[in-house]
Structures are given as structure tokens and as C-alpha cells.
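Chains: A, B, C, D and E, in written order; residue numbering restarts at 1 for each.
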Amino acid sequence: MSHLSPFQIFLLLSIVKIAVVLVILLTTVAYTVLLERKVLGHIQNRWGPSRVGPFGLLQPLADGIKLFLKEDLMPLAAERPLFVIAPIIALTCALISIAVVPFGAVHRIHGVDIFAITDINIGLLVILGITSIGVYGIALSGWSSNNKFSLLGSLRATSQMVSYELALGLSLVGVVLRAQSLSLRTIVESQSAHGLLSWNFFGGYQFVAFFIYLMAAYAETNRAPFDLPEAESELVAGYHTEYSSMKFAMFFMAEYANMVIVSCVATLMFFGGASSPFGNLIPAFGGAVVQALLPVFWFVVKVFAFLLLYIWVRGTLPRFRYDQLMSFGWKFLLPLAMANIIITSLVLALHG
Amino acid sequence: MNIDHSILTIIILIPLAGAILLALLPDKGKLMPWGALAVTLVTFVCTLHLPFHFDYGAASGSFQFATDQQWVASPAIRYHLGVDGLSMWLVVLTGLLAPLGVLVSWRVIDTRKKTFYILFLLQQVAMLGVFVSLDLLLYYSFWELSIVPMTLLIASFGRTENRRRAGIKFFLYAFIPSAILLVGILWLYARTGTFDLPRLANLAAAHGISGNSTALWLCSLAFLVAFAVKVPVFPLHGWLSDAISEAPTAAVMVLAGKLGLYSILRFSFGIFPEQSHRIAPLLIALGAIGIVYGALMALVQKDLKRLSAYATLSAVAFIILGIFSFTVSGLDGGIFHIVSESLTGAAFFMLLGFLYERYGTYDIRELGGIASRLPWMVTMFVIMTLSLVGLPMLNGFVGEFLILAGSMQSVFAHHVAWTVFATSGVILSASYMLWMIQRVFYGNLGVKPENMTAWDIDAREHLAMWPLLILFLVMGVAPPIWLRAIDTAGARIAATVPQPQQANSPLKLEANTAEGGQR
Amino acid sequence: MAAQVPTAYYLVLAAILFSIGVGSFLIKRNIITIFISIELMLNAVNLTFVAFAHQWHQISGQIFVFFVMVVAAAEAAVGLAIIIAIFRTRQTLNVDQIDLMKL
Amino acid sequence: MQLALFIIFGALAVAGALNLLLQRHPINSALSLVVVMMSLAVLYWSLGAEFLAAAQVIVYSGAIMVLFVFVIMLLNAGKEEKTTGSRAAYIAGFPGAAAIFCLLTFVFLSEQKALGVANLGGHLNSGLNNIEELSRVLFTKLLLPFEVTSVLILVAILGAVVLARKEDQ
Amino acid sequence: MQSLSPNILALLPEYILTIVGVLIMLAEPLLPPASSRKPLGWLAILGTVAAALASWCQLHLGTLTAFSGTVQVDTFSVFFHLLISAIVLVTLLISLDYFEGSARHAGEYFALIVFSAVGMMLMTCATELLLVFVGLEISSIATYILCGFRKGSATGAESSIKYFLLGSFATAFFLYGIALAFGATGSTSIAAIAAGLATTTTPRLAFLALAMILIGLGFKVSSAPFHVWTPDVYQGAPSPVVGYMSTAPKAAAFAVLLRITFSAFGPMEHRWAVLMWILAALSMTIGNLGAMLQRDVKRLLAYSSIAHAGYILVAFTALRSEGIAAVCFYTATYAAMQVGAFAVVTQVTGYDEQIRSIDDYTGLALKRPVLAAFLGLFLISLIGIPFTGGFFGKFYVFSSAVHSNHVWLAVVGLFNSGIACFYYLRLLAALYTRPATENTRLDRSSRSLGVPAGIGLTLAAAATLVLGIFPGHFLNLAQRAGAAPAPTSAASTPATVPPAAVTLPMQ
């Protein structure tokens, strides 16, 4: 590729990276759905999908085809442009965040870091920002449907997301304080020295922050036990009651993509990202390719563990009541997050 | 410590303290009028200190009983009080009229006595303050302050439903020009850095205020207009008849004349001598017109109060005529006439008040033929009338004569014609007053007297009237007692005029009389 | 690629946004939209600040913008609370109908 | 690149602002403003204010405007009606806005020479990244305003609570 | 005391008030819902007194700068600190009984007043426009809320929203002005702006900045033609709040205006003096003419406050120290009489505010003579009759204008004050005339004057009188404020990089 200018190489590789990551992400999303159904099935003592393909492995494909071929309903009373834009916003925001996630160690080909689409110094802020934009998708979908259940669902979802965003953001401050950077790469590096022991979760004493993050993140993604916006028993299906076909599929994908992103962030922030849990205990082995891919492996494992946790929680915990949800967020998580910040900064200030 | 230096402060403070005291006392029975009477009498006694200790031989232009302390450091406002021949008798006069005012209000004011007497005393404070202040800003403060109690007196104790309007009208007429006056004062201060009157006068004499003659001219106009409205000079008299016909007797007695005229003499003439000279012909003309206009208007009034208002207008116009002649006799006469007219006017208003107490009306058409029922009343009315029309041997004559004589001598253009014109006012005043007496007291019995039984002047009213009647006579036969002091002031003001051909005046004799009294 | 943009252009862009904000503030009849116009004006101001901060190489301009954002957030909280309060009492958001007090 | 960014996102911002003005429904206006804000975020980034670009997205678009949208949804605000007041407003509004615009533009363009040009990135002080430099000034020289902001937020919270609480308590 | 760091010493009053505000806020939910909130009010009063004492102590410390030069505490800011504390004190005293009968979130009310005072105090001592902005917003936001404090009252909410929208609108202009000033000089600190203006290459930008700032602050001090919000807001807001918001924020805004015009834009005085001339003349005239048409007492006082803002602006045309002193003095006298007048209005109308028009006040002197006498005094002072503060305020303002050769402005102003007495008198005369028919509305307000409110009224009246009879000490204080040094650029050096000269290469 030497006849290409550095800029052209950069451009080309970037496009390739984006394409690959996007495909992987979407596949992950699809198979997370399958995973969830399977795991839930086992938790509830049943099989889950098992007919389409071996172990039901082609089920996501079938679902996709079904949704794609379904009739695309457009309610008469809906605000057309917003009704169409809403799912697009939701999905786009969910997918964009992956752009700043480093899923491997720094590995440059032609000066381009191949295990992260981009590494910018305010990566964390970008994720937070994009997450906060995602609210519009839900808010607008409910409103533009012109359906009271949708509206109520989206009102609930919006206020829930706005409320928990606060706790979520604050829970990450402790980590940022420790790493003294907003770049995700730097944050990961700050945890990679001694493997597991230097992870923020263990070595950094950020487990409180982690739990806050976890709960806030569940609420952010409208997942059980905070899945009130789409509580079937109360609101039909919440904000996406009126959606069908591909538009519905977009919401569906957005939800699972968000889960993946949240898991990625949890991994990066608290569990050392792509670094090995054993640090330097295990000597390096294998060739360059293995060395390059091993961090990716660790990363995937960790993210996968979080996804499992998601499903596990959904299978186990009952749903909150709305007022409980709010008071939990504002009266418990938020003060706790603040306390965590204060203590962390005090410790950092006193111990250098 | 010599009391001479604090007597003026005491004179101001007594009514003020009295007002505060009354505010704290309960409004029960006759407590308020008694209290007010006591306060005003004490004040009057204190004012009498002045003529007895006045140094009649002091250098012309010097102020006596002076006190001069710093009030505000920067801007340099001083608490500078003092009197000279011009103001001394006005202070005494104010002191005298106050107890009389309380006496005439004795029965008329039966509700809200407390408010009334407090406002009345505050009014007195303000007037006394105006007469004794020698610092321009201190003076201005009292000047403005004098408006408020008067407005409230008119607005709350007025006779008819029209009272609120009359009060506001009075206030606006008084306040707006004096707001402009403040600009003038500020301008002077910006030029000279002082508010002190004697210093300003000295600077003025030395042409040291400002080289900008236009600005100086405008400034002098600001002063003059503010004062002229208060007097009121002829075209600016719009407030007078409303205010006089609404205001309670005690307030009317001090309403017109004194303050404005004194201010013209003291400040316009003191600080802007040249400008005053230049505008004198206009003022002489306005004075003459005012005399005749007032008299003619009085002639056609059906309401006694309005008649008295126009009579007042006519009388103050006389004084304007006199003082703007800038001759010794004109000025002396003017100043004398201020005192004398105040007394006569007070008597007039008091008698009208008595009449109103009895019959509840000022309408001439409803009255008539009461002479036989109220002999004392008619006697007093006639004496007052004679004083007002200027019968020799009574006070009115001295002033009018000196004024007319002075204006004949005046150095300014057009004077003779105007003086002759003004003289006709004397005749007119005699006609409307006497005609008024005739209509009210003689002839057929009016509607009101027929249906109402009235009592003649009672003891309290005698007590209020006699001092005035006696003064009419004394001032008429022995004017030098007063002129002695007044002349020191008059002569000083006249001396500012570049002295021309006064020697050929045919009326030199009278001026000599005045000067004789000086020694 | 190295094409440069005069700072003045940024300022003019900010001026356009500010003027549209002012116009919208004056023209719009819905309280919420009026409030939105104010936010637009604030954004225009922020752009001005950032452009000047860039031009002077002074970070304080950017800090100012940061504060404007914080203040805007506080204002939004209070303003929307007031709007809800007025909707409760009057059941309308049209400024022309919020006219209990006239001469 | 700078020029391209400026033209694209400047145009987008103006279009958003105009749409804000022209739309009759508050929610559309609010969304137009979000567009403006996002374009501005890009412009901030191009002017070397990365932190502000992120803050713009998080605080403005992500929090403030969501609040707006939320309230619009909550009150179920309808389209604007044309009233007599609006005609008067048009008469005052357009010339007023135009006058301000002309004045500002005139001044800016006439001072163009003195104002210089902008470069992509626009680094303030070499060696420090944007956030570091910003926080350094914020916590030293401008510490007091930063601290005082807490009072501001306290007041806002207090106010929101007071206003939102029902009277019958 | 000397051992304390200047950072603490310079902001002592603000610290005290903030702590008190937080305490009130914390205590409010802990008190039982039905219990009286008066103790919280007293706590606030105590805190205000302490803050005032702290400012008084600062007077003897000379000029303090703190927080890297963002704050300068000198006689000027101490003057305004004292003034604001005094206003807050009287307002709190008056408000104590206002909420009687039900708790009505009185705790939050006191906290908001105290917090807004913090904001205003910061405005007066800030030398960094960023701090000014934050302070301004603290006070503004608190006042927006206070305006709508009578919940369920439609006029209250309306007043709140109007104030809020126009206030924010003004803030945007103010900010734009600061941005342009920053563009012209490269700094937002007052000293650095002054230094930068001397060498600026973009004078037009600077003038534009000044104009924008003037528009913004013109709204805040409700000077014409930026006064449109004033009557509506004053009419709808709770009376004690109006008394407060028509004085304290204005005092703070004037302090900022003084700092910005005389210190920051000092080099451009010849240009802004003209603007001030126009603003002053317009405010006086529009305020007074507008007031003449009003029947509602609160609206009348609102227009009168516009006129008074005009009088104060007159002093801006004067020479530096004299003008500043005149503004300080007038602001103080205006505060005394305005707060007093609204205190009486509060007492007359009570919480439900049913007594509105001048006619409703007819015969007040018969029913409640003491209140009428107080109101009479304040009205007389507002007219500007001697021996009240109003007179000396006017005197001082116009004297400073005449001194710097703005005689015609003084003529306009004093002529205006002549017109003004017309509407004040209408109210004054109404108080003292017997009503034609029995005024039953007043009977409803026949609560007796509470002790705290009595103290508050007496304080305001005493201040009005003392400022009118013995203005010496206070004038001295104002003159010291006027003579306070302009903020110096000790810690805040202006950007020395000429803007166009440096164009860094692309990375």
C-alpha cells in the first residue's frame, strides 16, 4: 500500500475498521438476543429457541427476516417525520458509541490503530454525550405516536434516563480521577500494570462506583429491573407500541446495542478493558498475531460476562415500582456517587 | 453662651418639637388645640426677642442673631441662620399669626385634630425656616417643605369635594417651578462652590459668578419664576383662588405673599441684582396689571372666599410694583406692606371664617342685612376694610403710599404710566370692599341669616381679632417702629442700582421720613 | 485542506444566530418557543466566545462558555418549572393570553 | 478542511435556526435547536474547544433540550395560534432582528482585518491539551466563580422544588 | 482577624449568608409541616445582621483582593454590601408576618432571599466579569422564583414568567456584550479590559460591546426603553418581594454598571456618557408619564421606579468619583424609600393582595393612621421634598450632573420630578381624604402592625429621614466609595498577543 498517501491509508483503514466493527456489533446484537432467550429459557426451566438451525442458532436470522418482511404500519395520527426519525436516532446513537471503544491493545498498522476506530482524548465524554442524545429517540417515538400509552411510556423512559444519567456520569468520575484522563485508552492503561489487582474494581477500590454504574446503566438501557417504560402489563409496550416491522427492529437493535456498549464501558472503566487479568504473571507466548489478539479475547470475554449478567438479572429480579425507581436513583445512587467521588478524591489527594 | 446665637434655632425648633409632642399625645377633647396654642404662643414670645435685641445701627447688609455651622461637609452645605431688617419683622409676624390661626381653628376643626395641628405647626416651622435661612440649600429645603403641609391641609381639610384637586393644583404650581429653581441653585453651586448667601451676594456684586451672561440670565429667571408663582405675580396666579377657597382659615392666613416676596427680595435681588434690574420694567407692568386685574375680578365675585383671593392678588401686586421700582421708598414700602398686608389679609380671612362658622356659606347672595344682628362683626369688618383700602392713619395707607411714591421715582422705563394705572387700583379696591360690606351686612336680610340664629363675636374671637386691629392702628400712626429696621434692608437693595436722578423726585419728603426713622 | 476561515465569519455566523434568536423571541407566541429562542441566543454568544478564545489564544473564553452552559441549565430548570406553574393556573402557553395585568 | 467544516455546519446551524423560527410547533422548534447545537459542537471542536464540544452535546443537547422536549410532551403543547399580538410582533420583530444583524455584521466585517483567521484545532498553548489547560485556569484563577456556581445550582434546585410543589401542602 | 487569609476575609459576608441559607434550607424539611417558619426568618435576620457587621469590619481593612484578583473588596463594594444587607434585613423583617396563617414554604422564601443577596454581593465586589455574570444569575434566578411565590395566584405566575423571559433575554445581551469585550481586549477582567481598550485595534467592537452590556444591564435596572417588564412584574409579584427586587438587584446592577462604565470602559467615557444621557432622559420621562396613567398602586410605584432609575443614570454622566458617589447615595436613599413604601403596601394588602387601586387606599389615614403616616413620609421622600433622603439624593445626582456641565439634563430631570409629584400626590391626597363612601376593602386589612414589620418600617423611615437631615456621614461613605480605586490588573494580565499576528501552523 506504499503508493497511497498516509491520509488515504488512514481513510481506507478507517472505513474497513468501521465496517468490520459494525458487522461484529450487529451480529453480537443479534446473538445477544438469542443468548438471552436461551439463558432465560434455562433459568425458567425450558429450552428457549431450538428449532431454527442447530441449537436454534439461526433464530436471529429468522427473526430478522420476519421483521423485515412485516407490513410497515404508519398510524394515522402520528407525526410522520418524527415518527420515522425516532428509531433512526435511537439506533444511530447506540451504534456510534462503539467508535471510541478500544477493544484491544494499541497495535498500529501504517500508523493506524487497528483495535479502536478512533482514540480521542475525550472518549468518555463522547460516549456520555451520545448516550444522552439517545434519549431523543425514545422521547420522540412516544410523543410522535400520538398514543397515550406510548406517551406515558416515553415520559417514563425519558425521566428515568435523565435521572440515572446523573448517577451514571458521577460514578465514572472516580475512575477518571484515578486515571487523570478522559481518554479510554489511558484509562485502560492505568489499570493494566498488575492485572486484576490494578483494575479499578479491585485495586482502585471503585467497587462502589461500579455498582452504581451497573445499576444506573441498567436503568439507562431500560432493562430489568428498571424496564418500566415498556412494562407490558401497564403500558402495552411503552414507547414502541405503535411501531412495527423495521422501525420496531431498530428499537430492538438499539436496546441490545446499548447493552453491548454499556458492557464495553463497564469493562473499560472497571475491569481493565483489553488488558489481561493476570498482568505479567503469565509470560508472553505465541507469535505477534496471538499477542495482538489476546487482549481482544480478554475484552470479549469480559463484555460477554456482562451480557450474561444482564440476562441473569432479568431472569431473577422483579420490576421496580415507578416511585421506587425515582427515589432509588435520586435518594440513594446519587448521594452515594457523590460520596464516592469525595472519598476517592480525598484518598488521592492524601496519598498523592 | 449668648442666647442671640441660638435664638433662631430655638424659634424653629419649638414648633417642631411641639409637632412631635402632639404626635405622641392622644387626640382627646381639646388637648390638641390647647397644646398647639401653647406651642405657638411660646414661639411668638421667642420671636419677640428679635426686635428688642436687634441692633438697628448695625452696618447695612449684616445679619444678626447669626449662627453658622457646617451641615454637610461636601457639598458644602451650611446651617447658616440670621436675620436682618428685611426678615426680622416677617419672623415676628409669622410668630404672631400662628396662635391666631390656632384660635380661629378652635371650633372649625373637630375631627382629625391631631393631623391638623401637626401639619399646622410643621407649616410654621417651614415658614420660619425660610425667613431665617442664609444658606441657599437650607433655604430651599424649608421652601420646599412649606409646600407639603399646606397641600395636605388643603387636601384633607378643604371645604368642598374639590379639595383634593385644589391641593394637587397648589402643589404642582409650587413644586414644578421650584424644581427648576433647584437647577439654578445647583448651577450656582457648580460655578461658585458655595451655597452661602452673603458670599454669593458678594460674588454677584463683584461680577464673580459666571462670565456666561446667558446662563446667568436663565438662572435668574429660574429663581424669579419660582418665587413669582408663589407670590403669585399676575399671570401665574392660577392656583390662588382654588387654594384660598378650599383651604381652612388658619392655612389661608399664611398662604400667599410673604414667602415669595421675601424670596424675591432676598435671593433674586441679592444674587442677581443686574438681571433683576433688567427685568424690572416687565415686573412693574405685571404688578400694575395685577393690581387692576385683581381688583376687577374681585368686583365681580359672588363668593367671599374668591373675592378675598383676588383682593390678595391685587395686594401682592402692589408690593411687586413697589419692590421692582428699586427705590428706597418703593422697597421700604413694599417690605412694610408685606407685613401690613399679611395682617390685614389675616384679619380678612379670620372674619370670613367667623362668618362661615355662623352661616355655613361664602355666597354673597345668600347673606345680607346682618349688621343689625352682629354689631361687633360688622365693626371689625369695616375697620379691616378701611385698612385694606388704605385709609390714612391705618396700616394699609403707609405701604401703599410709599409704594406709589417709590414707583413714581423709579429709574426704569414706562413707570409713570403704570403707576398711574396702578393707582386706579386703590379706587377699585375701595369699591369692591365697600360694595361687599354693603351687600353682606346691609340691605335686605339674606336667605341664611333669616333662617339661622347666629351669635356675635365671642371671647375667643375677640382675643384673636383685637391684636390685629390694634396693630392696624399702631402701624398706621407709628410706622417708623417698623421702618427703622426695614429701611436698612431697603436701602441696601436700592443701593445696587446705579444711582441716577433721584434728587428731582417730587416725593423726596416721604423717603426722608423713612430715613429719619432710621436714626 | 489548509483553507483558513477568518474569525469574522464565525462572528457573523454567531450574529446571524443571535438575530434569529432575537427575532424569534419577539415573534413567537408560545412561551416554550420563546424560551427556546433565548437558548439560541445564548448559543450564539457561546460561539462568539469560542471564536474569540481561539483568536486570542485565551482559554478564559472557553471557560466562560462552560459557565454559560451551567447557568443555562439552571435557568432551564427554573424556567420550565415556572412554565409548568403558569400552565397549571392558566391552561395556556400563549403569551397573548397571559395578560391579566394590563394598564 | 476548516472551511469545509465551517460551511457545512454553519449552513446547518443557520438552517436549524431558521427552521426554529418558521416551525409552528414547539417540539419542532426544540429539535431544530438541537440541530443547531450539534452543528455548533462541531464548530467548537474545529476551533480547538474539544471539551466544550462534548459539554455542548452532553449539557445542552443531552440535558437542557431533553428537559424542554420533556416539558413540551408533558404539557402536550399544541401548535401556536395566530393572534392579534403576533401581527404586532412581526412588525416589531423582523426589523429589530434585522437591525441587530446588520449592525453586528457591519462591525465584524469592518474589523475583519484585525480579527485574524482560524485554523483547525487552534491550539491555545502547546503541550497542554484542551481539558488540562481549561481545568488549570478553572481551578486557579477562576476558582471563585466555579465555587459560586454551586450556590447558583442550589438556588435553581430550591426554586424548581418550590415552584413544582403543590400549594395545598 | 488579620491572621485570616484574604480569601476568607474578603468574602466573609458572602460566606455567612451562604451558610445561613444552607442552614435554613436544611432546617425547613425538618420542621413539622404545620409549624411556623418564623424561627427560620429570625435565623435569616441574624445572618444578615452578621453579614452587615462583617462588611462593616471590612471597611477598616482597606482594599483587599482575593481569589487571584477576581474579587476586590474596597470601600465601593463594602458600601453596596452594607446597602444590600440593609435592604435584605428590612425585607426579611417585613416578610416575617407575611406568611402567617400557613407555612406556605416560608423557609424556602427566606433561603432564596439570602442566597440572592449572596449573588448581589458578589456582583458588587467582583472584578471579573465571569463572577459578575454568575452573581447576576444567582440573584436573578432567585428573584424569578420569588416573583412567583404566591402559588395558585395567576398574576404571580404571570409576573414570574414575564420577569424570567425578559430577564433571560437581557442576560443574553449582557453576555454578548461581555463576549465582544473579550473579543476586543482578550480578557474578561475589568482591569484587563481597561488596559486592553487603551491599545485595542478594534474600537468599533469595543463600542458594540459596551452598547450590548448597557442593553443587558438596562433591563436589569429597568431603565427605559428596556423597562417593559417592570409594571407587570411588580404588579403580580408579592409585595415584600417587589420591595426587595426593585431595590437590591438594582443596587447591585448599578454597582456593576459603575464598575463597567467608569473602570472597564473608562477610556471610552466620551462615548457612553452620551448613551447614558439619552437613557436617563428617556427613563425619567417615560417612567413619570407612565406613572401618571396608573390606578394600581403597585404599577404606579413600578413606573416611579423606572423614573428613579433614570435619576440615578443622570449621575453616570458626571465626573468619575463624584458620579459614583452620587449613584451610591441615590441608590441608598431610593432603596430606603422604595422598600418602605412596599412595606406599607404589604401591610395594607396582606397575603391575598386584594387592595390594589389608589381608590382602595382612600381614607387610609382614618383607619390606620400610623401606616398612612409612614407611606406619606415615603411618598414625600419619593417626590424629593427636603429633609427626606429623596431630596438629598436628587440634589446630589443633579448637582453632579450640573457640575460636569449637563445642565439641560438636570433641567429635564428636575422638571420630571415636578411632573412626578402629580401622581405621588394623588396617592398621598387619597390617603388623607375621607372617602366619599365607606371604604370597606380596607377593613379586611385591619390586622395590627406586627412587631417585626414595625421595626422594619421604622428602620426604613429612619433611614429616609436620617439621609435627609444628617446626610453627612452617609455622604462621606458614598464619597469614599466613589474614591475607591479602580480594580488594578495585579493578577490578571491582559492577553499580550496581538490577535492577527500569531497564526500557529497546523498540527
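The definition used in the following text is that a residue touches a chain if its C-beta (ideal position, glycine included) is under 8 Å from a C-beta of that chain, and two chains touch if they have at least 3 such contacts.
A quick note: this is a predicted structure, and the numbers were derived from the prediction, not measured.
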Chains adjacent to chain B and to chain D under the stated definition are E
Drop chain C from consideration and the touch-connected groups become one piece
Shared touching partners of chain A and chain E are D
With centres defined as the mean of Cα atoms, the chain at greatest distance from chain B is chain A
Check: interface with higher C-beta contact count, C-D vs A-D, is C-D
Centre-most chain by CA centroid is E
When centres are defined as mean Cα positions, the distance from chain A to chain B in whole Å is 95
Distance in whole angstrom between the CA centres of chain D and chain E is 29
Whole-Å distance, C-alpha centre of chain B to that of chain C, is 65
Distance between the CA centroids of chain A and chain C (whole Å) is 33
Each of the following residues of chain D touches two or more other chains, namely 51, 55, 63, 67, 72, 74, 104, 108, 111, 115-117, 119, 122, 130, 141-142, 145, 149, 152, 155-156, 159, 163
Where chain B touches two or more other chains simultaneously, the residues are none
Residues in chain A with touches to at least two other chains are numbered none
Listed by label, touching pairs are A-D, B-E, C-D, C-E, D-E
As the complex stands, chain C meets chain D at residues 1-13, 15-30, 32-33, 35-37, 39-40, 43, 46-47, 50-51, 53-55, 57-60, 62-63, 65-67, 69-78, 80-85, 87, 93-97
Chain E residues touching chain D in their complex are 11, 18, 21-22, 25, 33, 66-71, 103, 105, 108, 111-112, 115-116, 118-119, 122, 128, 130-131, 134-135, 137-138, 141-142, 144-145, 148-149, 151-152, 183, 201-202, 204-205, 208, 491-492, 499-500, 503-504, 506-507
Listed in rising order, chain A residues that touch chain D in their complex are 82, 120-122, 125-126, 128-133, 135-136, 139-140, 142-143, 151, 154-155, 158-159, 162, 165, 182
Interface with chain C, chain D side, in the complex: residues 1-4, 6, 10, 13-14, 17-18, 20-21, 26, 29-30, 33, 36-37, 40, 43-44, 47-49, 51-52, 55-56, 59-60, 63-65, 67-68, 71-72, 74-75, 77, 80-86, 89-90, 92-94, 96-98, 100-101, 104-105, 108-109, 111-112, 115-119, 122, 124-125, 130, 133-134, 137-138, 141-142, 145, 149, 152-153, 155-157, 159-160, 163-164
Given the complex, residues on chain B that touch chain E span 71-75, 112, 115, 137, 140-145, 147-148, 151-152, 155-156, 161, 163-164, 167-168, 171-172, 175-177, 179-180, 182-183, 186-187, 189-190, 215
